[in-house]
Every structure is written in C-alpha cells, then in structure tokens.
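In this document, chain identifiers A, B, C and D correspond to the written order of the chains, with residue numbering beginning at 1 in each.
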C-alpha cells in the first residue's frame, strides 16, 4: 500500500469546502495537508474560521484545531489541489497552483468553458482528460486545471450519458427544482425559500445549456467539439436543503421504447465502477420503480450522495421520452465530483508525484 | 337591482368547499342558501361539522351556526349549485341536481371529459357553453352540469389561450410544482412535503394532457373537437401551501418573437373582463418583468387568487418559447373558477330563474 | 371631515418600511407625504429602490413611481414620522426629526429604554404618553419620540395587560417560536430556517425581559417604575414566515382559576377599542376554544394582523396558569403597532398640527 | 464471541418499526429473526408490506424480501422482542409475548405507567430493572415488559438526570418544539406543518409530566415512588422532520451556579458508557458552546441519533437555570431507546437464553 498523497482544499470554510474536508479527512488515497481560505480566515484555527454547517457529522471532521492558511502555492502547495473558491478568486488563484505544478480539481465555474480545460464527469467523458496535454503545452504549466460541471449539469449528464451512447440525443428540455444549499451560506434568504418557488437562479440556465454539450462532446484536436444537441433549461429554487430534482424530456435517435431506455439506464456502469474508485458508487444510476420516487428527503444521501437517481421513465407525447432525475448537489454536484475526478486522474497515472 | 340568487354548496366542509362558502358569503349576485355535505356532517352546525382551514379569514365566513344539510335536491335545491364533491360522490349526486333543474358548477373531475359537458374557463372558451343545449337534449335534464378543469390545467390554459388565438400552438411541455393544498385535508403527509419534492401526483398528468386540448378545442356539432396540440405534462408536489407553479415550453406557429409573445400576453382581455363579472380580475394575465417573479409567496393571493401570473418569457432552444406561470390552485383552479363560470352563465342568460 | 395629516416613513424600503407604506397608503387619517430611505435609495423611484416583498398585495401599494428622499428633516419633514430604521440609524436620525418638531413613532430599539421615552402599546399603557411632556422639557425638543416595543414583547404584553390589571402578575416564563420575517430581508439564511429550530436570536431575550416590565410599569414623576415581575424569556427561530408564537406560564396574585383567567382575557377591551381607532381590532384579544389553535398559518392575518390570539389557557403545575399566544410580528409587533400609537396620540390631542 | 440472539420486531412496517429494522439488521449482539406486523401486512414481503421511509439508507436495510409474519408468539417468538405497536395493539399483544417468555422492549405507551413495569432510560434509572422480578411474580409471566418513555420525555430526562443526581430538582417547565416524524406516517398533515406551529399534541403534555417523575423516582418495594418534582409541559409541533427541541427552565436545590450546572452536564457518563453498550454514545450529553446550537438540522443525526444535545445553559430569572435540549425523537426517543434498553438488560444478565 502506497503512502497517501497530500492534498489541499482551497476555500475550505464554505459549504462546499466543508464537504471537501469531510470527504478528505478519511480518504484512503489522499491526506489533507492544507486547509486554505481567504485572508479573513487564514491564521485562525479551522473552528475559529467558520461554523460547521454539515448536518449529522462530527463538527469539523476532526480538523477543529487545524490552522487555516492563505490560498497561495507558497503556503498551501500540494500535488493535488481541490478548489471550492468562488469564480472570481478561482480565476486568479487556480492558475498559480497549476503553474506551480499542482493538478487542480476545481468546482468553480471560472475555467469550465475554456477550450483546453477538461470539464469532467468520470462516468461521462473520461477521455476528455486528453486535454491536459494540450493545456500544459499551451499554457506552459507543469500542473493543470480539471473542472467539474455546475451541480445541475453534473446530475443531468449522469443520466444522459448512457442514452447518448446507446441511442444519441437530439434535443432535451430540463426543468430543475434546486436545493438552497446550492447557493452556499448565507445564500438564499429564508423569506425567499419558505413555502415558495423562485423561478430564477442567476447564470444557471446558460451553464446547464452550454456545459451539457461540452460534456457530451468529443475531443477533436485541441478542443472539444460540442455535442449537436438542442438543450433548454428552466431553473427553479425550491424549499429543499440538499438535492437537485430535474424533470427531463428528451428526443432520442430511433425513438427507442421506454423499456429499452430503462434497460440502458439500469445496466449503466462506467470507468469509475470498473476501476472501483473509492468515491464511485457501485451503481452510478439507481433506477427507481416506485411511481413516486426518487425524492430528495428519502434518496439523496444514499452512497454518500454520489449515486444519481432516475425514476418515472415514461413516454413523452412531445419529445418521445421523459423521466425524473435526482442527485446531491453538494456531493455528486460539487465536492464529491471533484474528488472522483482526482481519483480517476490518479488511477490513470496523470498525477505527477 | 335584482334579488340575489339562492345557491347551494355541495361538499361545503372540505378545503375547496370552505373557499366556496367564503366567496359566496359576500357575493353580490348570489345568496348562500344551503351548505350541504356528507351524512357524517349533515345535521350539525357548520362549525361542528368542520374545522375552518382558510388562513387569514374570520372563521366560517359568518356561517358558524348555519345547519349543514345532506347532498340531495330534496334538502338542498337551488337554481345554482356549486360542487366541491370528490369524483365518486359527484358522479352520483351532481346528476340528481341537474335532473331537478339546477345548473351545477362542478369542481369535480367526474364529468369533465364527457362529450356533452362544457369544460369551461370563461376567459378561454366561453363558447363551449353551447354544449348545454346538447346536454339537456341528450340527457333529458332541465338543469345541466358545467365543469371547471383541474387546477393545474386551469392555470396553464389561462396563459395558453391568448397564444393559441394569436399564433396557434403546435406542442407544449409543462413541468408543474404544485402546492399541497391541491390534495385537500389531510391530503399530503408532512413527511412527504417538508424539504422535499414528490415527482408524482396520481392522475394529474393525464388530466392536464387531455383537459388542455378539450379546453382549447372547438365545438363541432354535439361535441368538442380537441385542439391538435401535442401536450406533455410532468407533475411534482413541492413544499408550498397555495399556488401551482408551471414551467412551460411551447412551439407556436410562425415562431413569433419573444416581444410578440409578451405583447399578446400583456394585452389579453376576454369576455369576463368585458362583462366585468364580479370574480373576474381586471387583468387576467399579469405579466411580470422582474427576472425572479412571479413567486407563490408574493403573488398568488393578489386579486383574490383569480389573476394568473406569467414571467420569464424567453426563447426556448428546443420549442421556441418558454415561460413560467403561477396561479392559485384553490381559487383560479377550483372555487373561484366555478363561481366565475356561474357568473358567465348568468350574464349570458343561461340560468333559468 | 378634517384633512388628512401628512406623514413620513423613514426606512421605507425594508420589510417593516413596506408594511408602513401599505398601511398608510390607504389610511383614513394620514397621508403619505414622504418615503425616505438611506442614501443608496434616495433619488430613485420607490420601485427602483426596492423589491416589494409583502405577499398578496399590489406591488408598492400604489407608490411605485414615488420618489424616495433622504432621511433628513430638510427632505422629509412631516408632523408625524414613522421610523422603520435600524437601531444605529435611528439613534442619529430620529432626534433630528423630533428636534424639528415631529412626533416620531419608532419601531427601532434605539430609544425604547430611555427613561423619558414612552414605550407604548395603546391597549396596555396609554397613560405612559404622559412622558412626552417630560421628554420635551428635558431635551428641549418641539417634537418627541414614542417607541413601540420589540415584536415578541408587543404580542406578549397584549395578553398580559388584562391579567396584570385584574390580578397582578408575580412571575412569568415565555418560550417564543419566532417567524423569520422578524429578522428582515435577507435576514435569516434558508439553511438555518428550513426544517430547523435555532435556539438563539441576538439581543431578543434581554429585550423581552426589560421591555415587558417597563410596559407594565407605572409613570412615577419623570420616569417609569418597572413592574415588579420576574420575567424569563427563551427565544427561538422557527420555519414560519409571519407570526410569533409564545408559550407562556404565569404566576398570578391570588391564584385565580382558569375560568377566571379566561373570562378576563375574553372581556378585555381598552382605550383603542373605546375610541375606535382605525387600526384597532374590535377584539384585541381573540380567545380560542379549539384545543389546537391559534396557529400562525390560520390566524395571524386576521384583522390586518392587529389582533392577538390566545389559546390553550390551562393550569400550570409550576406557576399556576399557562397559555399560548400568537400575534403578527410585522403588524401588531412593528408597523401596525407604530401606526396605532400615532392614532392614539392624535386622538388624545397630542399632535401639534 | 457468542452467537447473536434472535429478536423480533412487532409493528415493523411503521416509521419506528423501520428504525428498529435498520438498527437490528447490523446489530453486533442481535439477529433479526422475525418482522411482524398487522394482518394487512403479514404474508407479504417486507417491501410489499410498506414503503421505506427512512432517508439516506438503502431501502429496507437488506430485508426487502423477508416475509412479514403476524404479531403472535406462535408466528414470531424470540427471547427479545421490540415493539413499535400502537397503544391499542400493544395492550393486547405485548402480554402474549411476555407470557410466552419473551422480554418485550416496548416503545408503546400502553404499560409505561403500570406500577410493576420499568420505564427505563439506561443512563437515567437502570436500577428500575429491579421491577422485573416484581412484574414476573405478580403477573405469573416467564418474560416481562420494559418500556421506554415517550420521545419528548426521553430527551428531557437525559438532560435532567445528572442535575437531579448532583443537586436535586424542585420544579421544571418545558416548552417543546417537536418534529413531525413523532406522529408517524401519514401523521401530521402538511397543511398543518408547513410554515406553521401547532400548539397541541394529543396526550403529550400529561405523558411528559407523569413519565418524568416516574423515571426520576426510586423503587420502593413493589413500585416506583415518583420524584417530588413539579413538572409543567407545553408541547408544540413545528416544521422539522426529525428532532425534538425543548426549552427547559429548572429550579435546582441550592441554586447552583451556571458554571456548576455546565460542569455536571459535561462530565456526565453513566452505566451504558461504562459498559460500552453498542448503541450507547460515548458522550451521552453533548454540551454546546456556540450560542446558536444545538439545532435539529445540524446536530440531531450525530452518533446515530443517540446523543442528547444541550446548549445555552444560562441563569433563569424565575426558576434559576434554563437551557435548550435537542434529541432524535425516533432514535433516542423510540427505536434506539428500546434497543439500548435491551442491551442493558442483556449486559446485566436479565435475558434468559
């Protein structure tokens, strides 16, 4: 058994940063070397720097008195870096770590749509890691940046990938019902959330529409050719703590039957399952038979929030097929997504140690 | 000024029945003659028969000590009858009142899809009242039954009607986020509602799909020819008390611009507005400019719950146009809908007094 | 009929400020002369300056295009001024208006505990208005400041006043379950509110404990002698939008029976009822018989949020008597409270016009 | 290592029954021999008999296809029986199992207040197990019944026990804010729970008041002499899924300082900790320092829901000391409580094998 690899968490004090810390504190391959955060927090202990907001867990995941350092390679270098920074900070700080030789696994939106940056979901497009060579060559970095998509997109493409592979997707509509934790803390005001639906989340619909076609696209030379799929997203905030729900309608090539679609979803296994990556669920898509499942309250925490749940697969009078998808926005859609990306990169031998 | 017309409420003790009582207790044209309910309640006073569940109002709307009678024409006849019965009871009881000469305005689903029964929203298809003559002739009733649609459909077609008239609709997808009051009391268990989304409401999707094309269809001889629109509905329950939200995507003939769609929605006025019916809002469709509106908590109670709210009109990459609709499921979608139907029938001279 | 009196709202853009505007836009005695707010807002129209957050009402209460002015007597003087400022701003701005001759009715906590400032609930301690003469003499102001208590206190003392008068109170414990709207907007984070109880509201418990004994105290010379009552408050935030609930246990002199307590509560009428002030409910305390009432969702909006609801009056094995109290924190506890204070002052001839 | 002991769950399909199954499916000492439920369920597989409602867990805890049997000793005998029956069924069925020789650990209220039945919380009153001999002698049973208290009481006495032992309690008031899961499924209607507080839970206040003094009392001969403590409970339902919150004020002998009370609470360890029972948390009372903790959403799931959380210990102007308590109503207050009781009985050698 090899020694565990030191890793850094950038933005360790926020809602996603805490999820990174909780996952990494007990990870079999990684060792939490640095907890980094903004100037306001650096120099404090982790418990002074933030209130622990992850329900049901021992506060601070055993890192209560760890020192928080600043987000610079001088203070916080490690060969693998996880970033929970917001987009503005990420745009400045992530390249500093990549330049210093780190492989940065980022949850931020800053670099997702750059041509030479892999936007990665290990079950969906592991071959996009080819872009790392392009990125290093073009930017002259020893390290690199790998992004995971927006939470809503991550959950959506997890269900789409087997359908794209088996049939080909022509068009899709998705109406999301998103949890408040997706906006961080303090995030959504309770006066907006309680007993309410808010039909707008800033920047969310374009992200879903453009990230989906990059994720389902193919690497052609030095960039990804987006999939030729018409995507339309309508995003809503609902009074749920964790778990994004998505009503999806899709037009598939050859108009397969509902039974054929169900079988493809149920049989789906991909590289993370074959490699038995530590954060990969045994069943990446859980297909529900009960007519009223999945539901956030009952299903979203299963498998550490890493499985994606599909239910109510049925015919759509307009596009051919419709179904309901649920996933954990902070795990499959954020911290767990980045950690799984790092596991895949390591398993593929892409981390220089 | 003419004398007020006696009316009966069937099923007066339930969530919708109480809304009927509250509306009718102060109605300028109608006088609440009978509160009727099941055997369990008849013989009791209204306050003994049920707990008042309508927030913000004086309990029992002044009818606290009114006697509840049984749901038979012998006990509860009036020329106008409002029915909040469930489908099973409605199927038996509503014809008894129609046969006895009453015009029954029903919120139940029992007769909505019968060929000779008008399924009516006064702003949408007032000409369907022509079916009353067919119904009376065929069934040999002196009275008749007029239905309002399911709550989700009522709100949806209110936004679709001006688009169908101005452009023609080819296809539409709707994903609903429905309030718990739509299921009555006790209805949805709190363990299913709190912090949750339930992706299934029994019978709801077929209702939306078939009622919509009947409402937007045309009377041809003795029946309605359904509109030739492909309709697909995905229905979800969310943690909202009152107010159904709907994410709609629509393919319109001629692919009009967003500006053209907005103008049509904003200019929309119909017969209830022209006739200034007492329950008709001055503006049947309220078009919102703020990017995060309408919202159930802020908008659904306006105009006594009778206006329908539209927001976020924008281009849809798949079907051409998408928007968000909100309405009050218990008013525009139930009690208020039936009362407005009765007002239209009376204004058109269809009530025999 | 006399002309309506011009009034100003300070802090008109916030959650309480909007309530003031809605109440005053249609008030029979007052005319909304100035909408004032912070520098960030002044110069804008009211609808540019803030999003309207008061559910169920026409947005901006008809004041959509009114200009917002700055919070200075130069820009916004009126003989009656309502203040929804936060404590810091109030401490500076309210005296400027009082000095300029205005009678300031303040919802802020800044001056509530000053010896010469009446802390007023018209049904509870109207005689405390005597302090106005002291205040003017001591401070050399032509105008004066009158405060309403903290929302939790306002609701509590409304139920205590008749008991203090009829029996005398020796000690009381109150455990509150407070609505999120009490913290304004954005206020409480939804991650703290959804499906949760937060057992702490900064500053709230001391306010309840000290304001209650001032309100129930007597004017002795130039100050109020606090009532000799031991008060203990435990304050909690719950997932309710509007309406503070309070579980109260009280030790009364002479240990009256539950029946005697109920009768005193039910019979309670006070000066605002006698004078039929426009914002005064006919029944200041609504006594509920149903064992599960009052409830925020069902009862808090009655009478424009100005009645206080009491239920479950029963024996307490420790202090003798316990009951449950509910009131609207933004109306009886804030905007409505200040407006009722102004109505009382005007009716008593204390406003110089 | 000894063989695992066969156990039965009565009422295995309900909300508490499922918790029992989940706990026992992986218990180190017990082996789930029989899942028993009402006639409606017996004969079906477990997954046919009920929908799994325990969030975040694999459905049915691996017992999906186990057969459900009827609640009789003939069909479901085991030396240890856990009962999640409702009171009516428990009154009939539990004695049948006790007569047949089983030790029945019951969550039902049916026998809690019988003189010869131990009402047990292992950290609080393990010596009450002495009553088993009395019970067997009096009733002629080979087995016996051991009850855990009502959920609200279980959580309350967990915090009171160290104070009673260290100082003695004279009087206490508790205002509860209880989760909806306490009422089972379907239980509380969502129209009563969403954005609301209901100030009444049938039978709850008397249970808290009488069970508390039995639990804190002493065995005198053949019965428990209740503790001489005046107890007053006010019980409320709030919009929380799992976790009962309780605001407690207490009068202690000798009026100890807040620091002394905190120290007693923090140092508290009892027999389950000394014996390291499998379901016992290492720290039975978790004392929180943060001024806004504990909170249901953040704290209630820790330690499998078996730790009780105390926060905000401070002086009470009326009774001397007040604090806030939180615990998991379905674990520390129901299924986990019964399992811990069985572990204690087994460790003390009271189970005949």
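The definition used in the following text is that contacts are C-beta pairs under 8 Å (C-beta built on N, C-alpha and C of every residue); 3 or more make two chains touch, one makes a residue touch a chain.
This one's a predicted model, so the numbers in the text were calculated from it and none came from an experiment.
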Relative to subunit A, the most remote chain by C-alpha centroid is chain C
When centres are defined as mean Cα positions, the distance from subunit B to subunit D in whole Å is 47
Whole-angstrom distance, CA centroid of subunit B to CA centroid of subunit C, is 40
Cα centroid separation, subunit A vs subunit B, in Å, comes to 42
Residue ranges of subunit B touching at least 2 other chains are 53, 191-192, 194-195, 239-241, 297-298
Contact graph of the chains (line, ring, star, complete, other): complete
Counting only contacts in the complex, subunit A reaches subunit B at residues 171-173, 175, 177, 191-192, 194-200, 209, 230-232, 234, 236, 238-241, 243, 245, 247, 249, 291-298, 311-312, 316-319, 322, 324, 326
As the complex stands, subunit A meets subunit D at residues 51-58, 194-195, 241, 290, 297-302
Subunit D partner, complex, touching residues on subunit B are 15, 53, 180-181, 185-195, 239-241
